[in-house]
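Look for chain A in each of the two complexes below; its partner is chain B in the first and chain C in the second.
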Partner chain A sequence: MNGVSLSRWTMSYFTAALLALLGTEVLMVAGFGFPSHGIQAPETLVLVHLVAVGWLSILMCGALNQFVPVLVARPLVHPELPVVALALLISGLACLLVGFLRMAGYPVGALPWLPLGAVGLTAGFALTIWNLGRTMWTARPIGLPAWFVVAGLVSLAGVISLGTIFSLALGGWTTNSTLMRLTSAGIPFHAALGLGGWLTFTAMGVSYRLLAMFMLAPEEEHRTSRIALLTGSASILVLLVGGPLCLLILERSATHPLVISLALATVSLAFYGYDIIRLYRTRRRQRIELNARMAAWALGGLGLATILLLVVTISGEIDRRIGAVAFLLAFGWLTGLGLAKLYKIVAFLTWLECYGELLGRRPTPRVQDLVDEPRALPWFWLYFGCVGAASIAALLDGSLAFQIAALGMLVATAAICKQFISIRTLGSVPASMLPDDAVARLRLFLPILQQSRR
Partner chain B sequence: MTLVPHELDVRPILHDGGEPFSVILQAVGQLGPEQALRLLSTFEPVPLYAVLAKKGFDHAAREIGGGDWEVMFTPSFAVAGTGQNELAQPAPDSSSPHGWPEPSRHQDNRDLAPPEPMVRALAALEELRPGETMSVLLRREPVFLFPELGKRGHEWRGGFEADGKTYRLLVRKAIGKEEAA
Partner chain C sequence: MSDANELVETVREALRVVIDPEIGFNIVDLGLVYDIAVEDGGIARVAMTTTTRGCPATDYLRDGVGAAAQSVNGVHRADVRLTYDPPWTPDMMSAVAKEYLGFGQ
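Then we have the complex of A and B:
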């Protein structure tokens, strides 16, 4: 029976992540990286890591620091670690990106940027895995959504192991033949473990709880959810074990483990989709909030990306089309879900910080009074519309159309960020409802008020 | 002459995540003498019983399908002013820790969207006298409520019932200076 405090650094994670997203979109508008450059060009590596690490992974880590304690009803074992991890992640990512720029021929100095980046990122993610892992360990037995997070963190460990090997090899720090072989053929595993096992599978687990909570849907553990967990975990395991086994020991191509993993992941996603449709159908709250409505579009993006991935795999077009599929997965599904859920989470955390101690003692606004859904909604539509357009452009190799659509995404994201700032500064709250000593403007990316100050 | 009961359907308000309490009290205030109130809700509005009992209303509740409830509040002069209603009776299955009085208030917050269960529990606690206890039914462990209870000096016990679907929380209001801490 432990209480959960607000994770002090969650808002800092969110701010860093959103800045990375805006940065990614600026690069896409400028035609930097895919699809103007090849899928494995250094410019594309900058873009991919800025979005996958800078935006999605930092967002996910920040959310998990706050949400895992809620899932398992235990406080974080080391509440002070997230800020250290965040500093390591940001500096590691910066070094990694500079390293890729150097590969692209930019004059950025001769420091060993890639290995430095790997050190920072590995340390930052390792601290996060340690902290979240220990927190869940103290809460055994854990529920189904938490098991998804465990599998996601295992997958993350695989991603950073492979990433570290790549950076050592590309940085010229090793010529070991085993590591070189992994570097030349292991990229699909790195990407699948990152976008699939770590980000998608963790988001699936978290969404079971969040969607049920905010839509008042029954939260029972169904057999279908257990099948989704088991097949998804098996898919991750095949990537982790089957990849190195085929590449290093059997000395065969990586196709088999990738195909088996995709098949297992498809089964997992099908059962997950069934569960989520049931959640929406059995909800007791008829008029759902923006976050749940937009999450439905993101879930549609996941379904579409999965079907597309199957189609291009079966038709043998995967090498040419994987960029577009990964784009839809990263921006339609993960980013769409991230922005939608941030809209609720930022409001809830801000509300709790500002009004927690005042509840019951004086009139306080509802969480919904902190947001302005009619104003935010058109920007979410614009975002999803432009992601759709950009995905089609990427599929059809239309670079200019992609850049125009990316501009729409950038404008929409910036407008949604403006909404977050408005939430954070209590912009929609009537003056009579403001807390007495709000210093919101000064604390945009840190907790607004120290509890001890009131 | 007995008036036709006034019907109030608060289900749309609840579906939208709203708080129907003020609407209900307003409707009660506008009832004619001896007029009853027929309330339609998405859950059994147990907390309302004590409030309206103090205003002199008896209640009769029944589930009408789909998880919805119909409660008829009828004026009852016998109950008014006595301070007695069934909610003041010890709940048969509430297990108070040794030395704690039986709950003087019960709240069923299972069908409310977060953070409404927490808001209602804290609001109700403010109305208790120091040392009194209150029981709250919830869907999940109220992890964000505990720190607020702690800051206010309240004590609490809680746990899931055998079916794992209902979390039963018992809170004892801080006595004396603890609350100011």
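Then we have the complex of A and C:
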């Protein structure tokens, strides 16, 4: 088999993720959570998990269900699992958020929300890891981008293991001293494995392939890319092994493994940055599309966040400034990249859904005809501008300025979502190019009606 | 030009209706069609590739090429074979396609 099928539920993953992003931004505008509340306040935990799980992780899982088969040229081993995983992830996240609200004193009932949330999220992520892992296993040997995804999934397993322990401890289901020690001192590992190992490292791997594909750049495996993979994987390994080793066996502080992991991650990011600059420079497609131009801004956000993280670590300001760094990483890099790539992926999947079977039978529009870049561009600029302003406000502890900048982010994100709806409803396609049964085919966020025939 | 060669060129022209949706240009000028032959009995054999292995559009492209080839008078059946040997590179594009994508600017 040469072609791979469309993943039926990818659009539903994207819709759920975008709703979580909009919800997060509404909370930030309202002054709920960081920086109005402390970095470990329950309100901030609501915000952090809504963005990290609801938006970024569900987006990543939906994208991987579609693109791991592209990376390894094999279909998903279990195409029926993504819908089950999505239901578990959404219900698990809802329970987790209610559990944090209960910690903040909101009257939400006395159910064991946090452990219930852990069960749902662990099951949902475990199904995703199993499905993607088996798909890559059947395609051995796999290429370099897929190895980044493998390392990212290992990291995800670490994140959910720690998260489950935290939920059981905070939910009062365990008083085991080892687990309590992990809960009190393991949060930096949970966060680093989540934002760094799982989300950033996986996005790096996928971007090697996607950027090369979309810009017609040479897809060669360079020594620098292998160094980026090895040092990044080592960074994840230090977090997974070094953290528990220091905290539980050596009974020392977590500083050493965190610093070593950061140093390795910095080397990995430096080589990745070098590779990506070479990729942009050697691209054959000179006129690049909006998604590739905006991805460059997101990559700039990653570079800035890395430099900022190094500066606050060296200056001893990390405890005070880590919130601002995490914000820039989550919204400048990951969200920026996510929105930019969604602009392409939603159009591509919609094209396949509406026009794939018409190829060779009648003239068809290009994927690019489904988008309206001049209309979308100002909203992307507004988004990145407001993320920059919000990051500075967070660094300077300016809560009101942060809320105003978050309002700009919310407006921009809503406008970009409107563009996605326009793409899904073929709003930019000339009437003469619309498929005959367009109305019957268009399903905004529900599963794709027709699968590829093979 | 012999009848067979003429038929091959007619098939090639018909395949221009098939575009690579992502690049937005016809697959003939993109260099994705490696070989066309029309055998006795009106059997068109097309060897083609895609810009990237594992592309979700692969099956649609192959079916589309088959449909376009069969639409030609004198072709009764189309046999489309997908190959990645040699792998496609942007250098295989025609001058028209390169100009469309802004190569060398």
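In the analysis below, the second predicted complex is superposed on the first by the 442 of 454 C-alpha atoms of A that agree within 3 Å, B and C clash if a C-alpha of one lies under 4 Å from a C-alpha of the other, contacts with A are read in each partner's own complex, and residues count from 1 in each chain.
Keep this in mind: a residue touches a chain if its C-beta (ideal position, glycine included) is under 8 Å from a C-beta of that chain, and two chains touch if they have at least 3 such contacts.
Computed from a predicted model, the values in this text were never measured in an experiment.
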Margin query: In the superposed model built on chain A, check whether chain B and chain C fit or clash.
Written below: clash
Check: Looking at chain A, does chain B or chain C touch a larger number of its residues?
Finding: C
Checklist line | Which of chain B and chain C A:R284 touches, first, second, both or neither | finding: both
Next item on the list: Classify the contacts of A:S315 with the two partner chains as first (chain B alone), second (chain C alone), both, or neither.
Entry: neither
Next item on the list: Could you say whether A:V367 touches chain B, chain C, both of them, or neither, answering first, second, both or neither?
Entry: both
Margin query: Per the contact definition in the header, classify A:P69: touching chain B only (first), chain C only (second), both, or neither.
Written below: both
Notebook entry, point to check: If you stack the two complexes on chain A, which partner ends up touching A:E357: first (chain B), second (chain C), both, or neither?
Noted result: both
Next item on the list: Could you say whether A:T255 touches chain B, chain C, both of them, or neither, answering first, second, both or neither?
Entry: neither
Check: Touching chain B and also chain C: which chain A residues?
Finding: 2-5, 69-70, 73, 213-214, 216, 219, 284-287, 348, 351-352, 356-357, 359-361, 364, 366-368
Next item on the list: Name, in rising order, each residue of chain C that touches chain A in their complex.
Entry: 15, 17-19, 21-24, 50-68, 71, 82, 90, 101-105
Note to self: Under the definition above, what is the set of chain A residues touching chain C in their complex?
What the structure shows: 2-6, 66, 69-74, 213-214, 216, 219, 284-287, 348-349, 351-352, 355-364, 366-369, 452-454
Checklist line | Sites on chain A touched by chain B in the complex | finding: 1-5, 69-70, 73, 213-214, 216, 219-220, 284-287, 289, 348, 351-352, 356-357, 359-361, 364, 366-368, 451
Notebook entry, point to check: In the complex formed with chain A, which residues of chain B make contact?
Noted result: 15-17, 19, 42, 67, 111-115, 118-119, 122-126, 139-141, 143-151, 156-159, 165
